[in-house]
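A short write-up of the structure that comes next.
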């Protein structure tokens, strides 16, 4: 008979023929699939694939929205790939705003850890749900709905948003309209906005067409 | 031994203990669930639960957008419930438009059956994809992304859109902003639009606040 | 401080690290996966990936069933890949039929756009649901169940079927039995059909064995 | 300070606010949903909800197919509800057959525990895969595809089939065609079978119309 | 012609036949389903359904593990129901620990907001991944795997864990073994632990049998 | 007009542009994805991909647990890939045990085919469900929960477990704790076990650290 530990380890190795059921750390150099990135070989996976340290620092809010979004999606944090979850850090300076946007592929929970944020969303039936959130408050934004976050009070705000997708997407309405190449007449036609308004914002937000 | 047909029918009845695997026709009077409406008892289900005849007629386009959307979602067409699919008819009169919108919970294929439609969508990275579609053309709009349809050419257009959800939702951006109770200062803050523009459109689209 | 538009575009590019959440246009040359084809690089994606123009023309119904099926599945229409939806055009000439079949991986909605079609399905409990559909009628066929479409009335019929899968599959019962290599004695054993009947249809439908 | 065990149990009860994540034993008296039966209250759940003892006995094969199917689907075995799995026992006497059929909502693995069974399936592209299985052999039948099992050799056969759905459905092709109310002319039209053949089998299998 | 705003609102109401696609706030008094709680009627939903304020306060760590878990699962936070996400607050005092546990139904991301935590998980192949996390660090724990969190350093630690399920479940290994009614001989048989060890811990953790 | 069989086969080939909807036999040499292995080309698939013959033989129980687990997961049985199901054979000799374990990614049904097995699981709320199972009994273990199987009676036991995943994973609690490199002080901290107990079992089960 073989030594006992050897037999048990043998058993264990038989029982673990693949890491697919456990995790699939993204190999960013391989083709992507509808289910996410292809997986690194398990033998090359280390603890650093499962830890992301970029969310400790304040994001650079020296921009037009006085806010910063620091993502930990599967491209930045490959260990998330295939696990159905991801997180971002929000910094919103005084007077700052995370403009109206959607995440096409995920619901979101927002946790305020500093300051106060007026956050809200609009439903398909045009009902509006908004409230001022304080440190420790949690708000949920259902998948795909328009929502926003606005700094309130006298200090900068910090929040963390987590999504039930490793790649939730982010579509900022005003950037889609005024920061893209969608021709102004089309923008006006599909939004009812005035030509002057559209052209003014295209100049600010870098749009063409 | 029992007569053969009887035995086979017996077998058949044993093998069909529940209709759950086949379909779940919506009982609109029962509570809804995250997976859709509760099911009618199978004994009350008829062929009319699986057929919807409302899409043959031209919708009423006598409105501000010169367009009509006739939905066959699970509330109008209970047989769709739980089956992951639904359809709408679009009528777009000359000069009409289906304004910028998203479906939070579904991808869409659009089939043009009459006239011409300029259709497009914007991606999360603000790339714009649009083209004029003619009779028999098909276009796909990925889940949750902003898209629009504009009538082109010299005749009214008709199209049918199908979704991979029995209840895809529909969020029209300008109605969310200017037809809801979201206060004007908030609208302006989260979109960069001017106060005059917001107030003008609120008047047209029925918004308050 | 950097110019404002630059800062916003920078923000936008940070926020869009991957197109995975938006779409996954099929690269037919790469290996497939259980979730569909691998994705083309986003930089090579164009509007033509999202539009399919093959459904405008009448299919060739000069065949034994006097019907034609023109598919826009992910192999013909790569933009559908990963988006959970696809469409086919049905042409059924006078006296034509789409024989009894199933789609193993999808539910279907059928929209009649010309003529009349007698369509039906059979449930697991052998209940039969069928009705004559006219222009503008919609019928739903639950996933995996046997169903059929038969031309009615005095003109050829046209219909469009949409599926909640980019690759729904199509298994025509009589082709499976009589157009395949399943040996006649086996066909007879598993269907109760007579030997003469099986051999006659094998000759017509090209079966062997 | 409270006694330690009390504190820990308190912690435990806080952490287990609902049994929804663990299981959802079917309450057959409540309305069903697209996701299965509604759940019994956890306080009424016992070990007997999770054990099913009906598969130990040989099924009654005294019928036209010399075979018996004993299901343990969620209606017979309520503990399976919501857990995505179920099992049936197959008894196939000498010369017996489980006729051509599909499971619309599940893939299947078949384990032969006694005797020999010739089993096979047909793909969407009409490829045929079949083989004689012996005791201890396992075969997989992909979701929704036509398949069959035929007894081989000199003894009765026993097998167990497990499905990745608590309610996989079962559609026996010949029962759908000849044991239902689908009118004979329609059956003939959608299968190419002769009138005499259809009427003969309708008599045997109890069909009407 | 009707006034324009009226027509648009009419359009809007036609397009929003159901809130099912948007959200499904839990009605805790109705039966549960495999997909979660049944939904409240949309007319009774308010902003307070989507905000949870219980995570601002330090949990009571005066217990055996010197740690507290404050859950915001769908039972405490009904707006999460059906949205596939939930959050908990962890307080771990000096020398405290969140003992070895799994979440049967979800992956987890952990965000440290105060202090330092040694966190780790063990894979199916018995590989161990652990690291000390500091404020702002994020770690992901793949679904269903054993993991733990231990306070490090000189201050109490605070962290927030988010799950891709509104009801992830929580199974603490030592409570399952020593705080339940599983008889000691069985515990010993299935873990290889000594009788004295099992009985000692059963006394501490409140187990019986 | 072309010959009829040719036309029908042509139709058939048009209708089967891809095998993706039917199956995805694993190509173990290609990169894996979050949805499983990449697929072999359909032209190289044969019946032997769908049949696994390794479960007929008694496993080698000459080891510390007097039990053997013979897996037919997608690595051993490539035809299962993407189909959401897999099976293992359990042999448990007299006095043998399958120690406490979880499957992180699947629910399980266990079928006893020989002898008697005491099987049980523990819920998130620390309720214990266990019972002695005899030949022909079926028990279900909900996804991710701790469970065990212990031989009973006077003969060796055989059982087959099927999972609703092609790669369910298997995490044996005592191997994770005492057969891994998790340092003893950490093991003790997160389980409350005594140092002597931990070190004793590490020696037996091959752990380090």
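Here the chain labels run A, B, C, D, E and F in written order, and each chain numbers its own residues starting at 1.
Simple rule for what comes next: contacts are C-beta pairs under 8 Å (C-beta built on N, C-alpha and C of every residue); 3 or more make two chains touch, one makes a residue touch a chain.
Just so we're on the same page, UniProt names per chain: A, B, C, D, E, F = Germin-like protein.
Note that the structure is a prediction, hence the values are computed from the model and not measured.
Following the contact convention of this document, C, E is the list of chains adjacent to both chain A (Germin-like protein) and chain F (Germin-like protein).
With centres defined by CA atoms alone, the chain at the far end from chain E (Germin-like protein) is C.
Here the spacing of chain B (Germin-like protein) and chain E (Germin-like protein), counted between their Cα centres, is 34 Å.
If each chain is reduced to the centroid of its CA atoms, chain B (Germin-like protein) and chain F (Germin-like protein) end up 41 Å from each other.
Taking each chain's centre as the average of its CA atoms, chain C (Germin-like protein) and chain D (Germin-like protein) sit 26 Å apart.
Counting partner chains per residue, chain D (Germin-like protein) shows two or more touched chains at residues 12, 15-16, 21-22, 33-37, 103-105, 120, 123-124, 126-127, 130, 142-143, 145, 169-170, 175, 179, 204-205. Under the contact rule stated at the top, the pairs of chains that touch are A-B, A-C, A-E, A-F, B-C, B-D, B-E, C-D, C-F, D-E, D-F, E-F. Per the touch definition, chain C (Germin-like protein) reaches chain F (Germin-like protein) in the complex via residues 31-37, 62-65, 68-71, 73-76, 103-106, 165, 167-170, 172, 175, 179, 204-206.
In the complex of the two chains, the chain D (Germin-like protein) residues touching chain E (Germin-like protein) come out as 1-2, 4-12, 14-18, 20-22, 24, 27, 30, 33-39, 81-82. Against chain F (Germin-like protein), in their complex, chain E (Germin-like protein) makes its touches with residues 97, 99-100, 102-105, 118, 120, 122-124, 126-128, 130, 142-146, 148, 150, 169-171, 173-182, 186, 189-194, 197, 200-201, 204-205. Contacts from chain F (Germin-like protein) toward chain D (Germin-like protein) in the complex involve residues 12-13, 15-16, 19, 21-23, 42, 46-48, 50-53, 55-57, 72, 77, 79-80, 83-87, 89, 107-109, 111, 113, 120-121, 123-127, 129-131, 133-143, 145, 160, 162-164.
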